[in-house]
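Read through the structures below before going on.
Look at the two complexes coming up: chain A is in both, with chain B in one and chain C in the other.
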Partner chain A sequence: MSKNTSMPTHSRRPVSEPALIRWALCLLTLAFLGLFLFMPLAAVLAEAFRKGTEAYFSALATRETLAAIRLTLLTAAIAVPMNLVFGITAAWSVAKFDFPGRSLLMTLIDLPFSVSPVISGLIYVLIFGLQGWVGPILADHGVRVIFAVPGIVLATIFVTFPFIARELIPLMEAQGREEEEAATVLGASGWRTFFMVTLPNVKWGLVYGVLLCNARAMGEFGAVSVVSGHIRGLTNTMPLHVEILYNEYDFVGAFAVASLLALLALLTLAVKTFLEWVHRDEIAAALR
Partner chain B sequence: MIEVRNLSKTFGSFSALKDVSLSIEPGELVALLGPSGSGKTTLLRIIAGLECPDAGEVAFEGTSATNLAVRDRQVGFVFQHFALFRHMTVADNISFGLRVRERALRPSKAEIRERVEHLLSMVQLKGLESRYPSQLSGGQRQRVALARALAVEPRVLLLDEPFGALDAQVRKDLRRWLRHLHDDLGITSVFVTHDQEEAMEVADRVVVMDHGRIEQVGSPRDIYDHPVSPFVYRFLGNVNGFPCRSNGGRIHVVGTEMIAPDFAGHGERDVTAFIRPHDFDIEAGSEQANATLRHAVVLGPQVRIEVNLADGQIVEAELARDVFDRLSLHPRQKIRVVPRRAQIFLDDGTQARAQPTGNGSG
Partner chain C sequence: MRRTPFLLAAALAASTILAPAAKAETTLLNVSYDPTRELYQDFNKAFADHWLKTAGEKVTINQSHGGAGKQARAVIDGLEADVVTLALAYDIDAISEKTGLIPKDWQVRLPHNSSPYTSTIVFLVRKGNPKAIKDWGDLARDGVQVITPNPKTSGGARWNYLAAWGWAERQFKGDEAKVRDYVRAVLKNVPVLDSGARGSTNTFVQRGIGDVLLAWENEALMSSKELVEANVEIVVPSLSILAEPPVTVVDKVAERHATTKVAEAYLRYLYAPIGQEIAARNFYRPTDPEVAKKYAKQFPEVKTFTIADAFGGWQKAQKAHFTDGGTFDQLFEKR
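== the complex of A and B ==
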């Protein structure tokens, strides 16, 4: 995930492999990408447009599909800002301070990556479900978490938590604490130091983290599937909706929604590449 | 005036400072000199407030700074690796300390601009105000760091190995320039270095540290001429050490009998005799040759030679270029090496000066 480590140097390499090997490596990579990336993408688009553009757009315009899109956007709109705050806080504390339990916290941040999303979902059911620990109390106050929007948001936050923190921690650690120390000695308060020194130094890592976090928040399936209950038009996100449509043999509808999700991934990549290109000088300077 | 009282600091099981006390006079330029791990940087960081001592305290002008936060200590700190704000221009870096002040104390924009202009010309970087740190050379970056520290008009300037990350030539220029700057501004300054030449050249007073303790404090000349311990003796430049036995202050070293009158009353003791490379006389063509020349390095007007004594010990000596040329020395030549003076240390640290007795024996 550290796409900002190697900068193109445009210099002739003193060591080079024979042309044959270079071509073979390139072809192998392209073949692999073609098989596992481009072909599925093409298949999604082909299936989506099999019955023409009109069928495609009418499949997207159904009430339930629009509700799924709305819910996905809402979930991401809550989960991403939350994780932005959590991620910055966690990364800052881990990278800039020494405290007992620091390495434990590092491991905990990675936990959502190592735990199967289905298990993350089940944990929420265990806690917030009607037979769970907190669920009955909340239910008495009229709050439903499981099989409702709050559960979906919670599960999404859990699964996407590491993206921003993981992006920031190596960056902050590499930059060290000296600039913050310099700012403090010069009389800056903690807040000012953070907003004037720490944050500007990691802003590119932060942008990447947010983009990745957003992509995953919109695409998350496993954990959300467990807590959602698949109530059409109410608790269906886009990935869940794709599955339902597919299981009902509505291939055009399923692939139309899937193409939207794929488009989102491509858009994320495009934005990231565009930002890297626009700010290439600044990024190069920050790395030096 | 900075008063350091009984400071101790440990990092885990490593004891960085052990009961260190020191007072620094107003307007002084003091060097903390020592090998790595001697605690010099820790001492500097505690004075700045960037580390908290385990015991002891630091006082500025008589008031304890123990409860004073870093940002309220009014110190200027220059980091070894500059620690410039990489996303800010030179001008923004320098004005940072002024811009973060609370509104009532903050100078106006015009005043800040004026101050930056003044500092830029002082550190000889006029015209570079809109550059970014990555577009500057190491020497320029360090001068920006210095200007940034001075912009807030600190009571004391602290520099952590300020020239450590620079090329030899830039380092020499910059330390001379720092000395002049200090003479002009008169701001109390403390800098950390592991380079004895740097400490000797720049500082009014040198504090030699080792293993978390202060070994010796004094003027550069004082310290060089009267080192209090074998460590200081070794650390302040090249020296040859000869373990030997003293009887009534008489020692026999490098084929020469020497006497230390101060130890005349002593019995037979184990001692170490230290002889600086430039305290040897070299003779060629003598019948009493006691050494073989291994090789010679010409360093401008000086020549540094390495010789093998008959007992296999290697001795480093220095002589003037013209003497070297006159003797027309060449490797593997048999020569005679005679010490002019030696400093003798007992195990307990007491020391005495020894001179040749004059009746040299081959």
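== the complex of A and C ==
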């Protein structure tokens, strides 16, 4: 979705394919979306409201569900800002400077995308577990990492850290270094160059990156499942809580929490669309 | 522009985490296996009331559920359970061996090998039993799909496996080659291995996969009685295993949390008439003879053998069958 920002605007010439093919392609896309996106979403909502709105809200208002919502929001509130700082730093250094090991750094940034989330969780168990490398030392000092909130946050940060960097790197590379060089020649300090030249240029990529990162941080299951310990009311995030409720035959509860997760995703989408709409002139100008 | 709220949120979040958790009330963490969810939901409420009345202290019990092997692994890796209530003795032995958090002789500390309730393994089939599954032998037939969890992670699956093995040993008069052939044929009929008993029940009941589910009796009774729409019925095999799910305090963790007293009381309350009633109402077989008599009608009559008699205890059974390269690995690989 971020690609829109860097794509050149098309000329107004109508497409040359025959109408039949255009319609067929449109229908295919719609059918695909309907089957894989709208139908499951509708099913989630139908299940959640099967016993009425009252059952829906009382399912959400239980102590354990509220705790899961709180934990999920807390995790995202820590993981996203951390990855914001990391993502900007990484993208800035990779796109604006040449240094030995640059391509290695690029590969490392992509690592969480290619590693299975379960492995991402397990590495933290291996490091911070009681049988792990530093776990026993930490335990002696009463510090708990895995099976507690810090472990969940760590695993979430690991899984979501490429999102913002990956969003910014192509954008920064496309924009080149001329503006920064001009700023430097005119005597601006490094910080000033960054805040007044680099950052405004990548503002939109950054917003998308943050939104994507946030969506994934709230929805992550695999990695968090490994380090959570599944203590309900304490270390259960929303996705994990959905599984627990489902396993307890509490289908209204499970789908109510699932619908809330879907709602958060839709909200993310709405925020993005809204921002695009409010700043449409600015975006168009940036593309020119 | 978005910076200030983010930093603020981060600072807030960090302060809530880094600040030492102020514990006004006592909390216990009970790390349990997969199908005990409903049992401990009821029991925890009853115990909290009891403890408030008798000791005048408010206690909150937190629960964690999953396949017994997985749960034991989590405790070994540092999940701070005050008490563990697992599916079989070997998993608690493993915690004791690997961490020293529990003394070696934990199983003699409470009556009935530390098992306040027992269960057994039965079959759950589709309504009307269309595949005519009557006994263990039918599980090896071609075209019968058998649902059971993974013995590496699930305690229930290990009881299932040993129940089948024990039946076969008697059936084939101890001819090990025939026993192996039989168990291999059963494993060949297993399409999916879930990590815990509840996962398998969902595969069978909710997702409609398979012809027969090897299940804890409590799990089978609950699905057939409480999920009427599930359209399943119970088949009791000619012989099964007496499953003894044990409980114990994790001494060193409880000491650190200063919860030893309440943790011990919690487990003893499982043996009290109220605890036994709650177990029976959740379809676990009570060990208290009075309560057992009262609830006798809800349990089918099953002929059982014990793990001690048939396999010489869990240590031996685990080594022979479930360690890496044990009979399960050998037979599952060549199925």
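Please note the rule applied: the second predicted complex is superposed on the first by the 276 of 288 C-alpha atoms of A that agree within 3 Å, B and C clash if a C-alpha of one lies under 4 Å from a C-alpha of the other, contacts with A are read in each partner's own complex, and residues count from 1 in each chain.
Convention: a residue touches a chain if its C-beta (ideal position, glycine included) is under 8 Å from a C-beta of that chain, and two chains touch if they have at least 3 such contacts.
Owing to the predicted nature of the structure, the values given are computational and were not obtained by experimental measurement.
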Side-by-side fit of chain B and chain C on chain A, or clash: fit
Which of chain B and chain C A:V210 touches, first, second, both or neither: second
Chain B versus chain C as contact partner of A:V143, first or second or both or neither: neither
Touching partner for A:V197 - first (chain B), second (chain C), both, neither: first
Comparing the two partners chain B and chain C, which touches a greater set of residues in chain A: C
Which superposed partner A:V118 touches (first chain B, second chain C, both, neither): neither
First, second, both or neither for A:L74, with chain B first and chain C second: second
Vertex chain A angle, Cα centres of chain C and chain B, expressed to the nearest 10 degrees: 150
Chain B versus chain C as contact partner of A:L269, first or second or both or neither: neither
First, second, both or neither for A:V185, with chain B first and chain C second: first
First, second, both or neither for A:N247, with chain B first and chain C second: second
Lowest inter-chain C-alpha distance for chain C and chain B in the superposed arrangement, angstrom: 15
Chain B and chain C footprints on chain A, overlapping residues: none
Of chain A, residues touching chain C in the complex: 74, 77-78, 80-82, 84, 125, 128-132, 135, 139, 144, 146-147, 149-150, 153, 207, 210, 229-234, 244, 246-249
Complex contact set, residues of chain C against chain A: 2, 6-7, 9-10, 12-14, 16-17, 29, 34, 37-38, 62-66, 74, 76-80, 98-99, 198-199, 202, 226-227
Parts of chain B lying in touch with chain A, wherever the complex brings them together: 48-50, 70-73, 75-77, 79, 81, 83-87, 96-97, 100-101, 132, 134-135, 148-149, 152
Partner chain B, residues of chain A touching it in the complex: 178-179, 181-189, 192, 196-197, 200-201, 282, 285-286, 288
